[in-house]
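In what follows, chain A forms one complex with chain B and a second complex with chain C.
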Partner chain A sequence: MIVEIGHYAVVTALLLSMLGVAAPIIGLKRKNAAWVQVGQRALILTFVLITVGMVAMIYSYLTEDYSVKYVYATSNSKLPIFYKIAGLWGGHEGSLLLWAWILAFYSMAAATLHWKTQPVVMPYLILMESIVLCGFLLLILFLSNPFERIFPAPLDGKDLNPLLQDPAMVVHPPLLYLGYVGLSIPFSFAMAALFSGRLGEEWVKVTQRWTLFAWICLTAGILMGGYWAYYELGWGGYWGWDPVENAAFMPWLVATAFLHSVMVQETRKMFKVWNLFLIILAFSLSLIGTFLVRSGILSSVHSFAADPGRGVFILGFVAFMLLLSFGTLILRSAKLKSSVTIESVVSREAIFLFNNLFFLVALVTVFIGTLYPLLMEVLQFNKVSVGPPYYNAVFMPVALGLIFLMGIGPYIPWRKTTAKNIKELFGLPLMLAFGAGVLLFIFGIREEYALASMTVVAFVAAAIFIDFRKIALFWGKRDRVNPFLGFLSAYRRNPRRIAGLITHVGVLVMIVGITFSSLYQTEKILIMKPGDEVSLKSFQLRMATLHGAEGVNWEGKEALFDIYQEDRIVTQMRPQKRFYTVSQTPTTETAIYQTNMGHLFVTIPEVSPDGTWARVRVLHNPLVLLVWYGGGIMGIGGFLNIFRRDRKRSVVSVASGVTAKTAPSLASGRDGIVAQRSES
Partner chain B sequence: MAAFKGWHVLLLVGTLGLLAIFYQGLWGNPNFIPPVIVETPAPEVTGPDLYKGTAVSLSDFRGKVILVNFWASWCQECKLEHKSLLAIKKHYEDDPNFAMFGINYQDKDHLAKDYLQVHGNNFDHIRDLDGRISIDFGVYGVPETFVIDQEGIIRHKQIGPIIGDVYSDMIEKVIDPLLNGTAGIVGTVSSS
Partner chain C sequence: MRLGRKTGIVFSISLIVFGLGYLAYGNFGKNLVYFVTPSEVVTFESDRYGRKIRVAGMVVQASLKVVPNTLKITFDLTDGAETIPVAFEGVPPDLFKEGTGAVVEGFWDADGVFHSHMIMAKHEEDYMPIEMKNAGMTLPTKGIIKTLQVK
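Up next is the complex of A and B:
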């Protein structure tokens, strides 16, 4: 009964989203704001109704109603409550429902928050969001309905895929969707700008925080997925250039490029068409990613049930969105031209241009690699996958180039600069970087990639540190406080810049983690019996016992290892080989011991049938934790940026009586040194 | 009127082309295992010999059955299969129609030599300096082994180490039939 209520709520939501498409069009035609309001109300109601649908599904999970086919397929009475709820996004149908719910949430939020301030944009925003919602609701109701029942009702469910029974996997899909779908808001604003012809800097400023939030979620989602793969799949890596990973990485690359290039538009009124193109591309890639994942067109460890019917529908929808958005861009952009041109290659705008080019090259690299098997198949060649060697060869240099730019972009002046200036700005960081490179070489780092990436990281770190030190001292002196408070005071004056730099610091930390954990990973694979010993780096591992173990919904074998360092026992580790009884799937549970910022990582991928020996895989991943700590710092930078308090001048965009009065009073305040740049 | 520029056309054609490929792709077999290049001509391999440094080309050995093994000194599973490789070479020592090469993948010159010093060696190795050979062969990781027939067609791909049954099958079911001209289609095998 409850499920039926949910079902009908979602059916009604579909009808309302159609109204959300129609109402703003009528409103625009008749120039009647009331119709736009109807559209907004429809969006809000759509959100409420999809929420009802979500709650109904969760209710079925909690009450163990296995007459609901999807619940039957992704849950089991023995599952802990936590995973019962997460079962909702453990399969195709529920994932789409979650997608639609998040989209409805964003749409509702944007249509409410900007209702007063963005009246011109509103009809287009409601229109675009409703179109996307409509598409997904159609897909859910007609081709992937989670509310469907089966008869006779099974007694118990088939269980959630054991690999997904994991805390990281519970939050990974929602985060990823918050990222994917969040890009729809700046996308809709961009489309609104195109339709309404208001192609100035306004849409860029309004959408900044939306894009940032989506970007943080996407980053977190990707990292969470990597973390999950790292310890749950047990192969010791966190990134495998798998098509589905790439599907999330591609919009990330473009969104990152977009976050940078909008700054050029804000400050120098350049890159107008380019920014529109980027955000359309970013959201299109989200949709294409959904298509790639959901249609099963590419083979991947993630692939879900393939269904050409669904594939055709999603493709049709993607085609519609792509043609609509790029078509509009093409038709409208002919009118636009950048009023300013780049004056010099050594200017901040030029560095931003390079930054964008690099991101796009990175995108093309990943894109070609991902679609290569498909291309080969369609063009009647034999299917060949592009493996890590391709990405290592092509992607890494681009990534290094991007990191290098992080050390230049934030410090080089706009417009143009002099040779003397460059020497002053980058002389010291370059020298420090060179010194760091030599030091690393002396300390035995010989891998070319490690040396190159660490030298570049040192360069950027030095540049950031010198800059932070300078502003901390400057403001400390001005406000007569210590440098730390001086730094805070500098932060208050330009939170956006400093928050951005903090994100850069996070990237650096992550790069250190990636470099060391991938280039200096050590590994041993061997057959061990209880009593056997193996040593790796400074650790000795002794297999004490190999015994049976069981949990609520699985049984299996567990090995107990005593870990010694210099003949002292430091810890015990218990890797497991599990067999989930309901779904009849084996999994390999990793045991991890943290050492400094690295991991000792033990798995037993194979246990002999009689339980006398196990194949043991021991890995040492130095500094691997920095990958996720770096991600955390990036997130802190991102959130500081979202919640920053802009100074008055950047909030009020049109010079009104109010700004005219406040501006001088600010200027005459104690921070009068900051030039009051006119914003009109 | 709107003035259309080059990038407009490019964007439109690109979008349409992509959609066409996606559409076509939908009718393909999604569960088809991708890294299969069996039954296709082997890519040309040219690279320096590990010891002599002189260029070696696989096409010079056309007319023979060639076993190509991708390995690296840092690869643990390679060590597992190394004895098998030596045995295969030894098994066909007197057969002039058989050739065998190791492709040393993403490795350091001296580490590769140390590895062979420790584990023994009886066949030639080509260095894959920039990873191109591995990309051409669609190698995902090491070890992977390919068997190429007299016509230069890849007839077998082995993912993972050649140990146990895989070893005897490699000789009895793959190489022998090719040398005798009695081979059918062999396919890709994954040992892990």
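Up next is the complex of A and C:
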């Protein structure tokens, strides 16, 4: 009964989202604001109704109603309550419902928050959001309906895929979707700007926080997925250039490029068409990503079902959105000739240009690698796959280039600069970086890529540190406080810049983690019996026992390892081989011991049937934790940026004429000057 | 003067694009791995020995043998028409077992054995390599009703 209520609620939501498409169009035609209001109310109601649908589904999970086919397929009465709820996004149908719910939430939020301030944009925003919503609700109701019942009702469910019974997997899909779908808001604003012809800097400023929030969620979602793969798949790596990972990574690349290039538009009124293009591309890639993952054309962990009908529908829908958005862009962008051109290769706008170029090259690389095999298959040529070495070969130089730019971009002045200025700005960081490189070489780092990446990281770190120190001292002196408080006061004056730089620090930390954990990983695979010992790096592992173990919905074997370092026992580790009885699936549970930001990682992928020996895999991943700590710092930087309080800028226009040399901060250029003046 | 700056930008952009494009192109072809079926593998001429490929098929029942005290296992892989022996060294995935679909990566050699270092198995119960589906093969499907009867 409850499920039927949910079902009808979502059917009504579909009808309302159609109204959401029609009402703003009528409103625009008749120049009648009341119709736009109708559209807004329709959007809000759509959200409420999809929420009813979600609650109904969760209700049937909690009440163990296995007559609902989807609940039957993704849950079981033995599951802990936590995973019962998470079962909703453990399969295809529920994931799409979650997608639509998040989309409805964003649409409602944007249509309410900007209702008063953005009246001109509103009809187009409601229109675009409703179109996307409509498409997804059609897909849910007609091709992948989670409310469908089966008869006769099974007594118990088939169980949630054991690999998904994991805390990281509970939050990974919602975060990823918050990221994917969040990009729809800046996308809709961009489309509104195109339709309404208000192509100034306004849409860029309004959407900045939306994009940032989506970006943070996307980053967190990707990292969470990586963490899950790292320990739950017992594989020891966190990134495998799997098509599904790529599907999430592509919108991230473009969103990151967009976050950077909008700054050029805000400050220098350049890159206008480019920014429109980027955000449309970013959201299109979200849709393409959804298509790739949900249509089932990729055979991977994430493709729950291969149903041609769904594939064709999503493909058609994506094609429609691409035509609509890029078509409008092409038709409308002709009048958008930027009046300003780049004056010098050594200017901040040029650095931004190179930043975007690198991101786009990265995108094209991933795009080709992901879609080429599909294209080959569709054209009935040989079936192929593209191996990770391809991605690594292209990505490492691109990443190095991007990090290098991180050390230059924030400090180099806008417009142009002089050789003397460059020497002043980058002389010290370059020397420090060179020193760091030599030191690392002396300490035995001989891998070319490790040396290169650490030298570049040192360069950027030095540049950031020198800048932070300089502004801390400057504002400390000015406000007569200590440098630490001076830094805080600098943050209050220019929060966006400082928050951005904190995100950069996060990237650096992550790069250190990636470099060391991938280039200096050590591994041993062997067969061990209780009593056997093996050593890896400074650790000695002794298998003490190999015994049976069981949990609520699984049974299996557990090995107990004593871990010694310099003949002293430091810890015990218990990797498991589980067998989930309901779904009849085996899994390998990893045991991890943290050591100096690195991990000792032990799995027993195979235990002999008689339980006398186990195949053991031991890994040492140095500094691997920095990958996620770096992600955390990136997130902090992002949130500081979202929740920043912009100061009212009284003087804006004159500042651009002043050379950057007089700026208090290390060539923070206009921003610094503006802050200084509004102070006086 | 203006032209000079523009040329500078265009030049640096082309340099980056061509450099990375060359890198991508060079590595792309090298890292393409072709999917084949056991039927195709058995027809290989010597020029294709030792080249990295992926073979999709079903693991033949009762063919899996573990070489004692090593990390080696051997098994047969079939697409219904032809069967090839596979020698694998490493850690097979959790879901790898007899009677299920698997994709193995490695190379075919003159000894008539497929040497593999990586196995990919799928956890969907009704998974079967797409090549076999195309060949019209079907798996014994566990219907919902059947599952109920077991309960």
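FYI, the second predicted complex is superposed on the first by the 644 of 680 C-alpha atoms of A that agree within 3 Å, B and C clash if a C-alpha of one lies under 4 Å from a C-alpha of the other, contacts with A are read in each partner's own complex, and residues count from 1 in each chain.
Throughout what follows, a contact is a pair of C-beta atoms (placed from the backbone, for glycine too) under 8 Å apart; a residue touches a chain by one contact, two chains touch by 3 or more.
Quick caveat: nothing in here was measured; it's all calculated off a predicted structure.
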Fit or clash - chain C, chain B, common chain A: clash
Touched partner set for A:Phe354, first chain B, second chain C, both or neither: second
Chain B versus chain C as contact partner of A:Leu375, first or second or both or neither: first
First (chain B), second (chain C), both or neither touched by A:Glu523: first
Partner chain in contact with A:Val318 - chain B first, chain C second, else both or neither: first
First (chain B), second (chain C), both or neither touched by A:Ile330: first
Partner chain in contact with A:Pro389 - chain B first, chain C second, else both or neither: both
Which of chain B and chain C A:Tyr70 touches, first, second, both or neither: neither
Partner chain in contact with A:Trp554 - chain B first, chain C second, else both or neither: neither
First, second, both or neither for A:Tyr124, with chain B first and chain C second: neither
Superposition clash, chain C against chain B - the stretch among 58-66, 94-102 or 112-120 that is involved: 112-120
Contact residues of chain A, present in both the chain B and the chain C interface: 299, 382-390, 393, 525
Partner chain A, residues of chain C touching it in the complex: 5-6, 8-9, 12-13, 16-17, 19-21, 23-24, 26-28, 30-36, 54, 69-71, 90-95, 122-123, 125, 127, 130-131, 144, 147-148, 151
Complex contacts: residues of chain A adjacent to chain B: 277, 291, 295-299, 303, 306, 308, 311-312, 315, 318-319, 322-323, 326-327, 329-331, 333-335, 371, 373-375, 377-378, 382-390, 392-393, 523-525
Chain A residues touching chain C - in the complex, by the definition given at the top: 150, 152, 154-156, 158, 161, 163, 234, 299, 301, 341-345, 350, 353-354, 357-358, 361, 364-365, 368-369, 372, 382-390, 393-394, 397-398, 401, 525-527, 584-588, 605-606, 615, 617
Chain A contact footprint on chain B (complex, rising order): 2-5, 8, 11-12, 15, 19, 21-28, 30-37, 39-40, 76-77, 80, 105-106, 130-131, 134-135, 138-141
